[in-house]
Amino acid sequence: MPTSIYEVLELMRKYGRIEKIHKDTYIVEVKADKVKDICSILHWKLGGHFSVTVGSDERLINGYFAIYHVFLLDEQKISIIVHTKANPAVPKIPSITPIIPGANWHEREAHDFFGIVFENHPNLERLILPYDWPEKVYPLRKDVSIEELRFKILKPETVKAKAKPEEEYIVPIGPYHPALHEPEYFELYVEGERIVDAKYKGFHVHRGIEKVAEERLTINQIPFIAERICGICGYTHNVAYCQAVEYAANIDVPLRAKYIRSILLEIERIHSHLLWFGVLFHLLGFDTGFMMTWLVREKIMDLAEILTGNRKNYGMNLVGGVRRDINEGKIKLSLETLDHVEYKLRNILSKMLKLKEIMSRTKEIGLLSREEARKLSVVGPVARASGISTDVRKYHPYAAYGELEFKVPVYDAGDVYSRVLVRYDEIFESISMLKQLLKNIPKGDLMAENVEVPEYRKGLGLTEAPRGENIHLVITGRENKVYRWRPRAPSYNNVPSTLVMLKGENLADAPAIIASIDPCFSCTDHVVVVDVKRGTRRTLRLKEISRGRAR
Amino acid sequence: MIAQLLVLTNIVGLLLITPIIDGIERKIKARLQCRRGPPILQTWYDLLKLFRRPSIVTEEYSLPYIISPYIVFANIIFALALLPSITRVSLSFYGDIIVLTYLIASSSIFIAIGSISSGSVFATIGANREISIATLSKLLIALVLASFAILKGSLTLEKLFPIMPPYTISAILAIVLFAILAYIESYKLPFDIPEAEPEIIDGILVEYSGKSLGVLKYSMYLKRVLLFTMLIDLVLPRNLPPIISSLAYIVSLIFVSILFVTIETYFGRLRIDQALKFMKTLIPILLVVIVIAYFHI
Amino acid sequence: MSLKLFRRSLWVYHLNSGGCNGCDIEVLNIFTPYHDVERLGIKLVASPRHADVIVFTGPITRETLPKAIRAFFAVPEPKAVVAVGSCACGGGIWYDSYAVIGGIEAFYRILEKYYKVRPPPTVYVPGCPPKPEAIIHGVAVLRGVLKQKQRKTYFLEKEVPTLTRDFIVNLEKYMKQEGGISIGKR
Amino acid sequence: MKASRIEIFKEALKTGVVTKRYPFEPIEVPEGFRGKPSIDTEKCIGCGACASVCPPNALSIEVDAKRGVKRIMLFLGRCIFCGRCQDVCPTEAIKLSREFELSSLNSKDLYQMVELKMARCEMCGRYYATVRQILFTARNVPKDQRPLLLLCDECRSKVSAKYISYARW
């Protein structure tokens, strides 16, 4: 069992050429037939975890399609990218899903976007593209332009047929929810009251971000679209992207800029966790809890507005640094606000979590064992609630996190309540981190002096979003553009795990379980309930299920 | 003739007051959540707006879907006429206690029938749930009313009020149990089911819109006031002078609604099986109350 | 105008048409204690059938389009629309993406073309995301309580100096004389 | 359990009503708030730097060759209020104000348009840049080089085989 970095790299060298692309990040180029072996070793033997699969059309650079499987090794504090090439005429690569079930969606996405076929994949169906998307059109291939996609393929007339209610959407209401925010579908198969199987149908919010970024935007415009991947934890995406480009171009970011980034990241984490608590209370019918947590959260939002000029979508980053400074007055104000928030939360939130209804509806519900969590490669608070200590801030430090003292809360029970506790602890960890950051912020510049980005270099940006690790792989391109940019949000890894958690649970607990991973589509709304015995299908809203028995 | 007029005053007065009571509840709830809250007349504004909006019907509805809101409304109005409220006069006849039980139960059933006939799956599930709660809670209400009848030895509502004196343990217990049942039956948290909570209207009401939604919501507010009235009648002394008794009634109505909404604000929702379990534990207690009421303890 | 009906009571159906959650959270935020729009008679409802107004947040992705159309027709007339956020107003940063219809106006064009429906009264609330107050302002404008502040501006340069060699070489001299060409003073 | 409910109740009473009175009372926006970008029509020289950095292309530049004007258009329905335009504007003509009440009943009200007159190239007679832009550039160019500014890019590159142009467009 190799433990040191040196030993790991030696082992990797047996499989293919190894190259260091930047700090703590190595790329191993292997033949297609060895992909399965090396991935299995990285994920199951070396204690790393599978993070993302990136497809890429590199026919313009070297004439091949490429696949990158990214693994994070927490123990050794390094990331390893497994790189394979596929024949441009018939792109075929062996699938790693049979070994690492967590790679399922990633491979299907690469199939959707590039037409790369993964051999022995259990279910290589369409995942992301809209229902009326024509066959054999792969949007992220470089030989099809955004204009072609828009004007040839976007045909609103197909809408008319679909807009009529079908069996699946019996109720003429969209997949929307009053309090939660994005439309998503879960199909639950029930036997009486018990959920026996679940399926996810989603990606209503697929907006074609990668194509827009690769075709229209320049390197310094992408931070702004990256921020709009998610309106709740957008800044982590922004930072992850900037870091990826900075690593690729070997730009040294001033320390003050790093501190400012960390400060805003932690502010975002607090606001996101408080938001989640509010939503959870709302789902459990405790509206006063919702109101009171959001009341505290509003202070954080105001603070963000004072520091950045906007309540959300801070727009603070460019490649090489940050755009605004935090002066002494603002530091003082932030510290005061944090004290107030901490006091309020200790007073209110802890009491709310002790309420009987809240306890009885979260404890021992939605179990995810450590093994399942490893299999599906879940990240963030979900993993930490299942006993896996993983935190990018600790094990792959970025921004100013290397210089901070903090604990990573880990709970073993793997139920909804431990996810609640992990987030509860994290809020206070964040507050203590923020205090350290604000007190020790060094003087200096905000932007790196020399910001030039060479072409065709790879960079891997990691951040710990409120929901788990964010990972951005960037391949820089010509003319101040990026060639390939693949952001992966944490919910992408976490959402499949709800399907495991839901099995065998009571139908009424489904909403709390789905919300417990804090899905970035945040809301989880309509559920298609399929009765296995009777074969009937009907659409329900989570909220209704949460109240009662659907017989 | 005067009695009829007074009963009419009761009903018209309650029709006017009820949305204001709901407005007060919303205001209090908002205050307890650190909000300013809507104006007290807000529920009236909502209802008036609903009455002026058209009703969209579903594609596959049948007759009960259209008429049941009005049947429910009529049911509740008739039930209100049976109880003394603003004026201490009511329609009174032998066995009206049974009629009251029937009216409360049938309003739930007609709501359920109406939403089942909307042809929407959503509403059907809501109706299922309504029935599963109603069967239990109506049984409990019938048992409580039975214990009152035994205590006073009469099947006429007039003769029941007020239940005390005699100050027996069974009388006090019965009143407390009725208060709990009124709380459950008026769909307060943690026993809330979809249609009562003003912020979240779905379930049974999902397919109703405009006028019929307004009528249904109005009936639900009235039903809540009906239960409160019953509770007040059980304790309010009978022989007060007319104006003072009306005032006492209105004050205690507001008091009860404020009390209930304050309790509600600090509860989360129980899962329905937990709620049903709680209600089932009430059955043996009720039976004990009936037995000791029989022996006038 | 039909919107008089909504002066005192306005029920809102919130429809995320593929937004990033930023606006959705802000829409939800106006119901929380600091803003509490219940005091203005605004209430969030779960079913479009109960609603008076639909709030669109997001650029309307292709996947949500049919659902948005269904929700739109489930709201009884008279209805109104609030487009919250730049994405819903004009497509935002996604305006030319292949997976996006591109804002509420494109949505209305589809409705007119395939369903022959006139667009309802609409208020546009740009912002990314708009402040909660901006959303409240938008609703107030829709109800006719407040006056709209934002107006189209159009400026056409009237007079320009004729550029001659003499003028451009002796720019400093001419600028002193005329005093009007003070462009780009830093 | 009971105690914690009462604690929450007490805390809520202590906090009291926090609701702001907006829209009946105005609110303060903080210093540095990123509100509506507004173009100062006197300062704008139509260089197009803002349009080239604008991530959502909310700012666009068009040349109307018939009328001889350059049109700078800002569409708030796309603007993401990032403030990049403010960063790059050479004359501080575009600035993010603290205005946030931007709602309007007509999408046409979300447009701001500035049209600037253009100059014709001395050699080929084509419209090539706004008069203001030429004047702005001229001040940073030595006097002997200035006549070159009266030519469009192509003509200038022909002429300036000998000269090196200072002017950067």
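Order of writing sets the labels: A, B, C and D. Residues in every chain begin at 1.
Assume contacts are C-beta pairs under 8 Å (C-beta built on N, C-alpha and C of every residue); 3 or more make two chains touch, one makes a residue touch a chain.
As the structure is a prediction and not an experimental result, all values here were calculated from the model.
Undergrad: Applying the touch definition from the top, give me the chains sitting in contact with each of chain A and chain C.
TA: Per touch definition, common to chain A and chain C: B, D.
Undergrad: Show me the overlap between the contact partners of chain B and those of chain C.
TA: Both chain B and chain C are touched by A, D, going by the contact rule given at the top.
Undergrad: Looking at chain pairs C-D and B-D, which one is connected by more C-beta pairs in contact?
TA: Result: the pair with more contacts is C-D.
Undergrad: Could you work out which chain's C-alpha centre is the most distant one from the centre of chain D?
TA: The chain lying farthest from chain D is B.
Undergrad: Find the geometric centre of each of chain C and chain D from their Cα atoms only, then give the gap between the two centres in Å, rounded to an integer.
TA: Measuring from centre to centre gives 19 Å for this pair.
Undergrad: Find the geometric centre of each of chain B and chain D from their Cα atoms only, then give the gap between the two centres in Å, rounded to an integer.
TA: About 61 Å separates the centre of chain B from that of chain D.
Undergrad: If you average the Cα atoms of chain A and of chain D to get two centres, how far apart are those centres in Å?
TA: 34
Undergrad: In angstrom, rounded to a whole number, how far apart do the mean CA points of chain A and chain B lie?
TA: 48
Undergrad: Which chain B residues sit where two or more other chains touch them?
TA: 32-36, 199-200, 202, 206, 266-267
Undergrad: Residues of chain C touching 2+ other chains?
TA: In chain C, 32-34, 36, 39, 44-47, 74, 92-93, 128, 131 touch at least two other chains.
Undergrad: When you check chain A against every other chain, which residues touch at least two of them?
TA: 173, 178-179, 216, 224-225, 228, 288, 291-292, 295, 310, 313, 355, 541, 543, in rising order.
Undergrad: Could you classify the connectivity of these chains, where an edge means two chains touch, as line, ring, star, complete or other?
TA: The chain contacts form a complete graph, every chain touching every other.
Undergrad: Provide the residue numbers of chain D that touch chain B in the complex, in ascending order.
TA: 5, 8-9, 12-13, 15-19
Undergrad: Within the complex, which stretch of chain B touches chain D?
TA: Within the complex, chain B touches chain D at residues 31-36, 266-267.
Undergrad: Could you pull out which chain C residues touch chain D in their complex?
TA: Residues 33-36, 39, 86, 89-93, 95, 103, 105, 121-128, 130-131, 133-134, 136-138, 140-142, 145-146, 148-157, 160-161, 163, 165, 168-172, 181, 183-186.
Undergrad: Quick one: in the complex, what on chain D touches chain C?
TA: My answer: residues 17-20, 22-23, 27, 29, 36, 39, 41-43, 45, 55-58, 69, 75-82, 90-92, 99-117, 119, 131-132, 134-136, 138-139, 143, 146-147, 149-150.
Undergrad: What residues on chain B touch chain C, complex-wise?
TA: 26, 30, 33-39, 42, 45-46, 48-49, 52-56, 198-202, 205-210, 213
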